[in-house]
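These are the structures, in structure tokens.
Shared between the two complexes below is chain A, which pairs with chain B and chain C, respectively.
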Partner chain A sequence: MTKPTTASGNRGLQLEQGLIFEQDTPGATAVDLPALPHTRDRLGGMKNTKRIGLPGMSEPEVVRHYTRLSQKNYSIDSGFYPLGSCTMKHNPRLNEKMARLPGFADVHPFQPVSTIQGALELIDTTAHWLKALTGMPAVAMSPAAGAHGELCGLMCIKAAHIAKNQGNRTIVLVPESAHGTNPATAALCGYSVESIPANSEGRVDLAALKAALERSGSNVAAVMITNPNTCGLFERECIQVADMVHAAGAYFYMDGANFNAIVGRLRIGDLGVDAMHINLHKTFSTPHGGGGPGAGPTVLSAALAAFAPVPFVVHDAQGYSVEEQAGFGAAKDSFGRMKGYHGQFGVFVRALSYMLAMGSDGLKQASGDAVLNANYLMARLSTELTPAFPGPCMHECVFDDRFLKGTGVTTLDIAKALIDEGVHPPTMYFPLVVHGALLMEPTETESKATLDQFVDSLLHLARKAKAGGAEAEFKSAPQLSPRRRLDETKAARKPVLRWTPPAAGAASQAAE
Partner chain B sequence: MSIRYTKDHEWVLLDGKIATVGITQYAQGQLGDIVFVEVPAAGKALTAGGEAAVVESVKAASEVYAPVAGTVKEGNAALPDAPETVNQDPQGKGWFFRMEVANPADVEALMDQTAYDKYLQELAG
Partner chain C sequence: MRYLPLSEANRRDMLGVIGAKSVDELFRDLPAAALAKARIDLPKSASEIEVERALSAMAAKNLNCGQGPSFLGCGNYRHHTPASADYIIQRGEFLTAYTPYQPEISQGTLQAIFEFQSQVALITGMEVANASMYDGATACAEAVTMATRVTKRNKALLSGSLHPHYRDVTLTNAKFLDLDVEALPPDPMAVEDLLGRVDDTLACVVVQTPGFFGHLTDYAVLAKTCHAAGCLLVVCVTEPVSLGLITPPGHIGADIVVGEGQSLAGPACFGGPGVGLFATREKFLRQMPGRLAGETTDEDGRRGWVLTLSTREQHIRREKATSNICTNSGLIALAFSVHMTLLGEAGFTNLAQLNHATAVSLAEKLEAIKGVKVLPQTFFNEFALKLGKPAAGVADKLAAKGILGGVPASRFYPTFPELTDVLLVAATETNTPADLDAFAAALKEVLS
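Right, the complex of A and B next:
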């Protein structure tokens, strides 16, 4: 079946349109103001004589342009989005409704605290829930995203070592099964990073960790472990890790980006963790991926609590107040401030709405359903695909590309073909420890019907690849999307980062 | 002296005390199209197994490790503007850096061609 060509270049009701600058019609405008009565020019000859380069457009043209752009965007509100390591779950509309209540939406961070007692109580209540769910004594609410929360945790750890005159501890140990942000955070915080290999089960190699601690224990500041790790596996030996780390005088940082797999089921305080950030946009359903700011509150153990950043909310007989100055009062040992104002307040409102709507039993069911969905994918897909590690998995499952061996089809080709099937492709080629990885996270949001449709599509593609003869078809996928396969190599090597007007001389030269 | 290899898929060619280092044909194939390369500046001290250069492909960003200890003599200045050279000629024009090695015997101790070929076979399983 060949597709018909059209005179307009449009396909069905999918319209082709240039960039907004290419639609420029000089003189067209959305606002039609009457001409000004003659006034004296007071600009002293500095009046702008050239166009400033904004496109001239009417209001309906502008509305259509941006509506069309929004329709080209694929989001969790449009369909299944099984992006491993990213937790694309539904954002309940109740959260949005709460965040838009005037009492929350219209407050200003400079208002006197006596006029924002409700907002401060909301921050304090959210903090209380996070502490209760993790079994940790303290939480820093201000970090603005997951990696910012990691930085907060490591800055607390650094402050704690310095307070003990142990500034010589300059090494942070990070296993291969950790998130990529962990070594980046450690490096940003001025530490040198040593990598700990994964064992054949995709978990931290305990013997290698032990050897590293014996080799440079007195210089190790912290060990950062992602749990469940980025292979979707629970690090079962977390408590032994904590004991070994503490015996070496270091602190245990746990990356809590995957907290959504365990919330309501275990308290990480019981694992001996000293610091962990919580991505509210992953576990507690606030928007992310361009949908809004993140928030990465960091829970802290008793050993680190005193070093938490300002500002934080304090509650006493006089009501709620905010501790703003490091070095004074309750913030005597605080390492300082890392975020303007009080953190992402609108995100706190959404997260608390979710927690209160779900209740502790609902949160426990959500983590259970997330794990169940991932294991359902893993079980059904294992008939044709090759799981990288034996199950059961946690909230995400990872496959390697052994099932494609000898077919000429790659992980990338499968991902592109999934676009034609109407699915946002899963994460690919990550984690790096898995060859040709496909990492998928269905979340608790999706129904069995959605999962079955996805599995059927993927099994169909796997069988087609294995049957042979379809290599060329795979290489040309996607065929049904508004744009075909993009040249990502050229995009990376010769990026065009902004539109530039056609060279002024080009037109006149062409005319000559 | 002949070429030597590391388990991280770097190759080393020693000439007197100066070693030329790059990534192997196998490594470039695994990485796919290389889009960014950062080479070390002359004078940088390298420890065996420590980070020496950075290579980024459409699939992944990775470090290139120093095969042995020594000091950088020069980085391949042509690579940052033409990272595709590493795909086209990884064991020739796509070299990453030249270093003065602290102890030439360290290079001898690395895998020779036969040992590396065997290592690759093991990886292929």
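Right, the complex of A and C next:
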């Protein structure tokens, strides 16, 4: 396909935009400040005498710069984003409005407790919802994201084993279909990781788990299982798994990344789970923000609750207070602190705003619609694509690349061609146990019309690939996006990770 | 329910295509015993107006910092956020995008990260910076584990000037990784001897500037001593506005600079979410945690950006990754970056000067009160005050007068009686001359 060339490089609404450093007007600023009072300097000898090198711009230039950058992004506001395991659901603007109430946004973490009763009530109420939805007795609110919540859960588990003089338990069993954060987290906790294979149904191989527990049971600290798992399937035998894990003296960590599939229907406390993190930025609609911030509160069983990290809110007849020091009072067995201040408070406000809006009935309907949408995609797409496992699936469905066999077209090519069709590609090549995987999570906030349009596009691409002769066209996709395929090898071989003034550029690159 | 587009007719049609009788049938893999037990006792769905009413009532129970003059700091500072900065981060294309895994349709986020990395590297005086960590405290803990990988040593020393939350998070991580980390006691007079403790078994020394009690310390000699012992110097910055006025840590020899970007990103929000800043030298790049955006070209030869060097990260390297971090603090990093762009060199240095001048004015007014002493000789926009009376009671009495007049040191150091009468006070450009006078008058009254 040939594209019209323009003198500016712009293409209609696709506007090229240089770096802020290339728009520098020395001395310019978009922030005018009140006059500087005359005082003596109390900096000692620490005053900087060198130029920092920041560019200067006016307010209209800055607003235009970021507006143009924003227009190069795909987003859930603008289109379908079926990124498996990421739960890209609608982010209600009410959440943003609530988080900006001055009584929430403009409160400082170290105000006297008497002046922040509403903030502590908000944390306590959010915790109450999370405990009620999971049927768990306790929740650690401070973890900052999913992986941080995993760390919280494993730290509680390690502290519990040490309290029982079982510090010899150093192995964590993780299914091979797990997200990479599971083994990475176990390593950060000083544990070694043993992988448990999946069976042909895409679930944990119970016999292999049993064998691993028999082999090294007295050294196993925990079993970490994502449920629903990364193949989009519910681990049917999770209660038996919990029993086996507990019989071996270990704890059962459930990765809650996919909680959106079961929220409002099933309480994980009824499955024998000891710890599970909840990604508020997935299940509870807080925005992903191009990579964060999230929040990963971690619910805990009675066996682990005493080891929870500080801080936590205490509610009694005198009102709300906060326990901030591990080793004292109600926090005497706490393993310590894992995050500054009181956790991701602004994310809690947004999540509670969503939970109050949905209610117990709305949340149950949401998980129902999420699972219905995923099964609908699976049913319609199975006419041309090859599902990796038989259904029903939960909130996401996974296809392998058998349907592309012999076409020369790969999973990556299909994904890039979907970009030209105006949708964000599904998760590619994950889970690792599925060859050439395409993992699709539609969420409950998509209409049937959106799903149908996506299915029609994808069926069209699958037929085109199978018909043959279109390999070159697929390899050159996407054609219509702000950029075409980018050279990732070049980026990694000679990393350019920051702007450098032209004169200093050569020296900086020589250092690498 | 307004967030759910499917109609009952849609659901029936879709079940027909699937070949299922009901939605419940799709959940048949869930254990029946557990399904039967699931009674969830929570309120039913609510309209927008009802949610707004409930949350506004909760928010109204807080005294917000804008209601009275506020002089609270300790790693979390109240600055003015330009209106356009909060507008830009609410654009849906930034707010509701995922991590930029498909670079062809994520150039906005990627270029913004590249500019953020460049700004952080410039203000810290370092060579490279990552795309952000959760917050300053977790960034500090990650810096220590990175130093142990770089040096292949497992000991670290934390200065008593380090923010106690940063210290605690670092100690928690160290405990679980079996690292030998020693934290020195709080150092309100900046008299601790770090030089004498550096030896060739240490992976790193961690200091903070401005220190938790306010001091500005020149760590250039410490940096040289560390390097001679093969040890890294980690410098924490909890108030990045200070970098508009004081010598950047990279210029005195820091090997890793970590910090909290909240103060430039937006309101305190009860302490979170913040944004962890993380910068280092290029030679340590492969040991750095977190995402990185790098420059490259597309098939048409046009400049673009991608996430790069991901073989350090958990989704590739699994248990051998440099960190388990996945979600970071992207949107807050964007807010930080937009504010920095709005400020530019001139605005950033002006803002820093105004903060310092306001704090100096406040110090002069407060040290004129009988019995009150400003502890640090040098400071930026925050300093410790010795009051001669228990500071927690003083802070409560000031709050009763509508003045958030500082944080008692005892909140962080309950087992150090010598800090009972120490109050930590910060001033920023949001404090007017009238605010300073009101604070001084109220403190005088409370102490008399």
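Everything below uses one rule, namely that the second predicted complex is superposed on the first by the 461 of 512 C-alpha atoms of A that agree within 3 Å, B and C clash if a C-alpha of one lies under 4 Å from a C-alpha of the other, contacts with A are read in each partner's own complex, and residues count from 1 in each chain.
Convention: contacts are C-beta pairs under 8 Å (C-beta built on N, C-alpha and C of every residue); 3 or more make two chains touch, one makes a residue touch a chain.
Just so we're clear, the structure is a prediction, and the values are computed from it rather than from any experiment.
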Have a look at where A:I225 lands relative to chain B and chain C in the superposition and call it first, second, both or neither. neither
With the two structures laid over each other on chain A, which partner does A:L461 touch: chain B (first), chain C (second), both, or neither? neither
Return first, second, both or neither, reflecting whether A:S476 touches chain B, chain C, both chains, or no partner chain. second
Looking at the overlay, what does A:P309 touch: chain B (first), chain C (second), both, or neither? second
After the superposition on A, what does A:Y429 contact: first (chain B), second (chain C), both or neither? first
Return first, second, both or neither, reflecting whether A:E488 touches chain B, chain C, both chains, or no partner chain. both
Touching A:F234, do we find chain B (first), chain C (second), both, or neither? second
Please report the chain A residues shared by its interface with chain B and its interface with chain C. 430, 488, 492
For chain B, which residues are in contact with chain A within the complex? 33, 35-36, 56, 58-60, 62, 83-84
Partner chain B, residues of chain A touching it in the complex: 429-430, 432, 488-489, 492-493
